[in-house]
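Residue numbering begins at 1 within each chain, and the chains themselves are lettered A, B, C and D in the order written.
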Amino acid sequence: MHALGVDIGGTKIAAGVVDETGAILAQVRRPTDPDDASNIDRAIAEAYTELAGSYEIGAVGLAAAGFCSPDRTSVLFSPNIEAWRGYPLAERVATLVGGGMRVVVENDANAAGWAEYRFGVGRGTTDMLMLTVGTGLGGAAVIDGRLVRGAYGVATEVGHMRMVPDGRFCGCGHAGCWEQYASGSALVADARAAVVAYPDRGARLLDLVDGRAEDLRGPHVTAAAFEGDPLAIELFASLGRWLGEGAASVAAFCDPQVIAIGGGVSAAGDVLLEPARAGFRAQLSAGGRRPEARLEIAELGNEAGIVGAADLARL
Amino acid sequence: MHALGVDIGGTKIAAGVVDETGAILAQVRRPTDPDDASNIDRAIAEAYTELAGSYEIGAVGLAAAGFCSPDRTSVLFSPNIEAWRGYPLAERVATLVGGGMRVVVENDANAAGWAEYRFGVGRGTTDMLMLTVGTGLGGAAVIDGRLVRGAYGVATEVGHMRMVPDGRFCGCGHAGCWEQYASGSALVADARAAVVAYPDRGARLLDLVDGRAEDLRGPHVTAAAFEGDPLAIELFASLGRWLGEGAASVAAFCDPQVIAIGGGVSAAGDVLLEPARAGFRAQLSAGGRRPEARLEIAELGNEAGIVGAADLARL
Amino acid sequence: MHALGVDIGGTKIAAGVVDETGAILAQVRRPTDPDDASNIDRAIAEAYTELAGSYEIGAVGLAAAGFCSPDRTSVLFSPNIEAWRGYPLAERVATLVGGGMRVVVENDANAAGWAEYRFGVGRGTTDMLMLTVGTGLGGAAVIDGRLVRGAYGVATEVGHMRMVPDGRFCGCGHAGCWEQYASGSALVADARAAVVAYPDRGARLLDLVDGRAEDLRGPHVTAAAFEGDPLAIELFASLGRWLGEGAASVAAFCDPQVIAIGGGVSAAGDVLLEPARAGFRAQLSAGGRRPEARLEIAELGNEAGIVGAADLARL
Amino acid sequence: MHALGVDIGGTKIAAGVVDETGAILAQVRRPTDPDDASNIDRAIAEAYTELAGSYEIGAVGLAAAGFCSPDRTSVLFSPNIEAWRGYPLAERVATLVGGGMRVVVENDANAAGWAEYRFGVGRGTTDMLMLTVGTGLGGAAVIDGRLVRGAYGVATEVGHMRMVPDGRFCGCGHAGCWEQYASGSALVADARAAVVAYPDRGARLLDLVDGRAEDLRGPHVTAAAFEGDPLAIELFASLGRWLGEGAASVAAFCDPQVIAIGGGVSAAGDVLLEPARAGFRAQLSAGGRRPEARLEIAELGNEAGIVGAADLARL
């Protein structure tokens, strides 16, 4: 059965028809207005109508950035779309689409993680942890073949697990959250701090932004690391170490077979992955007396949300 | 259907016939020799034979302290019983018992947690976290109605999640493990350190051990706390705070409805529970924008292992 | 002998004639341009000329925000006044003033600390530590009756002693610096984080800024604390605890008789001082087997820089 | 003028005649009983008498392990010699020696640090910090040419400055003290933990103790590091990093020209020193905008206490 997967972003939606192997057969995009929830509903319905002309669609999965109800009908809270407070998104879309179509809502990180589990580095396993290293640090977990959603739809908020008591401030109001040490934002903050503290070692990074530390962004650090700049490599090593050490704590809880590292920062590849593996091995409890999870860069890219949402809609 | 639950300790086993409501109908105990695995097998079989004379037993669940294979047949590693390295415990017991009896092996903390989930503070929920505060810190988790065992049978080793980078040494070879801050051992270590650092404030505790700090044990701290000794109360408050703050990190991962606090240290009751609740609320991510788990003292006592192992054997 | 003390700020100078008891007999202020070093020199000379008409002045002490050469002639580096990089301030002012006047340059925090030592809570002691809790955390120390300037004039930068490995970012490019936990900026950052994390508990603070957390400033927290607002009191308690615990580490190094807490934040008084004392006692090494320093709110206010600079010029 | 320096250990004294260049002209040793203070007094007097037969001695300096009164007459508290609680050691020895001899008491770490300042890596400077890495972590400081003793004789207890909140337990009753991360004891504890956590990487260290981790001592780690064992080198690198990072915090306070690293662990040389230098540079505040202290291995060995005590007796 084909299913439609829809990844709902802040200013656009991307919808794709996904077959049972995880392949996207056709795709459309539409702009949306984050301040108008019914506008988003309609955009989804239009995308459905357009694609349903050419493909038979048996179910619709919506990937939303926010807390989703565990019954997969509503968005409880979204940081980006104000109107989504207990919003019955599945029902609204189903009504517009008509025909009794099955529509489910999933958290976007969970949808992406599910896609990775089914069709990416997690295929063939039963237990997987996904860490999405983007601006923040998101996550998803599959335990014994089932996606972890939590009693209230608020599970795998790994970025807010505390790594350092009294550590770096987090926008969530707490301190020491994992994403303050292992995310694109952390990479940028570390890079800016490093060039202030050690201008000599930061010369290459400062070159890339004409001397303005405040203009440093993640891609500058990635570019410098690919060139072999020692400070940039060290910055990724630090991020990787925090990622791996934190993953060891999470693995003590859920004992996965594979840990997928995705998100934009994972484009750095080995310069991130090797330190992450070293940090994981160094901190994993009972290392040597248990099988150890593999850490791997995620295989699916930006379309993981579409693929995962579609696949979850079939279940 | 009645099932037999067997809790296998270092020097004895306790076996009980458990009905479908979690009630123990009859119970026997037998001494065992931890250096002789077949001796343990026989003791279990004898306990079965004794109880099977009066009760019809449909399945046998064995609660073992150690990593258990996820297919529930073997003990992979046990810190106490040397001979249990990949030991096919279920098969050995099934052979001795005969009659094609169904026998399963479960980790003892998981068995106790399952009992609490089915018949204790977790009943009626789908998602529960159990924290067992004994000498160390153990745990169990139920997610969406299913016990979390891990891909390799090594899940919910919560005591070895890292709370403090470069923190207190742990016997596992790492540092900063949660159980070094939230366990009976931590309570005793804290108490001894406190009476050294602040002899005046430690006067009552020192009284209880004739001035010998090295003789302080957990029950002394509990007794002093019940008397109202400020230092003892503060020691429990610190333990409770670490317990609650750590639980907030775990809840960010698994989003439970209830967090059960069990183990010997939980006998302290509110003097532990209230600081744990405060620490949990203070650290829970997205507090106020999500339903929050309840923290409660576990209801079942020492027999939780028997009850849980029996109940899991029926599944 | 009377001496002139001059406190050089970013946009103005304040000069006063100070007698040997530390009393300010007369005072003048003049605006200055931080981008023009010679303009500052002239403003100082004019203030001298004005006051020298009525008072006999035997020496001039200049308190400058920056690293000062240990021979008291130059400003090595100033965060506010760009032109001061190895600037021979004493000589420039002496030339303008004429008559072979003795002119010395001192770090402003050191000057204020010295005033407190000679005429404030430190009088009668030989060893004092001063902690100035303003926007940042500054300090000064007197050891065996002598001001600690350091081999290179860069001593008592206490705000950049590390309190928390991998802790909060500091503008200096490092992380975990003491001033990120014990300063006015830390108070504001903590307050904003707290109202985000716990809006209910932050209701009073939010009221004071019409609900805009980003508008919170130190005086709001002080005002709320004086009203008895529990969150504001707790914020000061946290700041005080960090101040006292850090002071215990410093006292392990320099073993002072009194620790003076000054700066704008110290206006909070006991709500800050009592937690600081508790934190100090709790962390002081060998507490109970040594005399302990007293923690006190500094007695001299904004004019401490003038008084201390003048007094140091006489030495 | 020649002076006698006496280093008083737990079970013996070592006394030497020291000239004004710091050379030891003659030396004697005598066993002592730590439980009998007058026995120690007599042993010192006998050593004096023996050496005074051949050398003219103008003053006597006694180096004692403990807190010494700032007027240099008494031992206030000693961890090893119970009878020394406010003990008037200088007067007792002066009485036995007779002839109105000048006798002073100094803390042993201070005496050793002073020797290093006058005749070792600190010669020619005015500001020096000494870190003595032995079983624990001791220290001494010279600021502007004067030894820092503290108002109550309890200064430069650097080993008990807190480096990690909620960190490793210390025998002093607190947690996170510097000496728990940078001392011989820390090295041994780290080594034992490492071979437990990573038996493969610990193979060489385990070889040296026939597989018994509990038998590991510092010299094993040093020997393995000299052989090139990667784990041993890493253990020294960690110790060195903590030493250097902590030194950066202390340098923010006292701004020294040289930091001498002594004590038994410093025999490791570069394997310790290079990571210490790297840690220092990485953490020093305002690095690049200030002259930086040199870190060097101390030059004087076990006799530094004798030399320093003698030299201080002349002042």
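Definition applied: contacts are C-beta pairs under 8 Å (C-beta built on N, C-alpha and C of every residue); 3 or more make two chains touch, one makes a residue touch a chain.
This is a predicted model, so every value here is computed, not measured.
More contacting C-beta pairs link the chains of A-C than the other of the two pairs A-C and A-D. Each chain's centre was taken as the mean of its CA atoms, and the one lying most distant from chain D is A. One finds 46 Å separating the Cα centroids of chain A and chain C. For this pair, chain A with chain D, the centres built from the Cα atoms lie 53 Å apart. Counting partner chains per residue, chain D has residues 164-166, 172, 174, 197-198 touching two or more of them. Across the complex, chain B meets chain A through its residues 67, 76-77, 125-127, 139, 141, 143-144, 146, 148-158, 160-165, 172, 174, 177, 245, 248-250, 252-257, 283, 285-286, 289-291, 293. Remark: chain D residues 164, 166-169, 171-175, 181, 189, 193-198 touch chain B in the complex. For chain B in complex with chain C, the residues that touch the partner chain are 165-166, 197-200, 282, 287-288.
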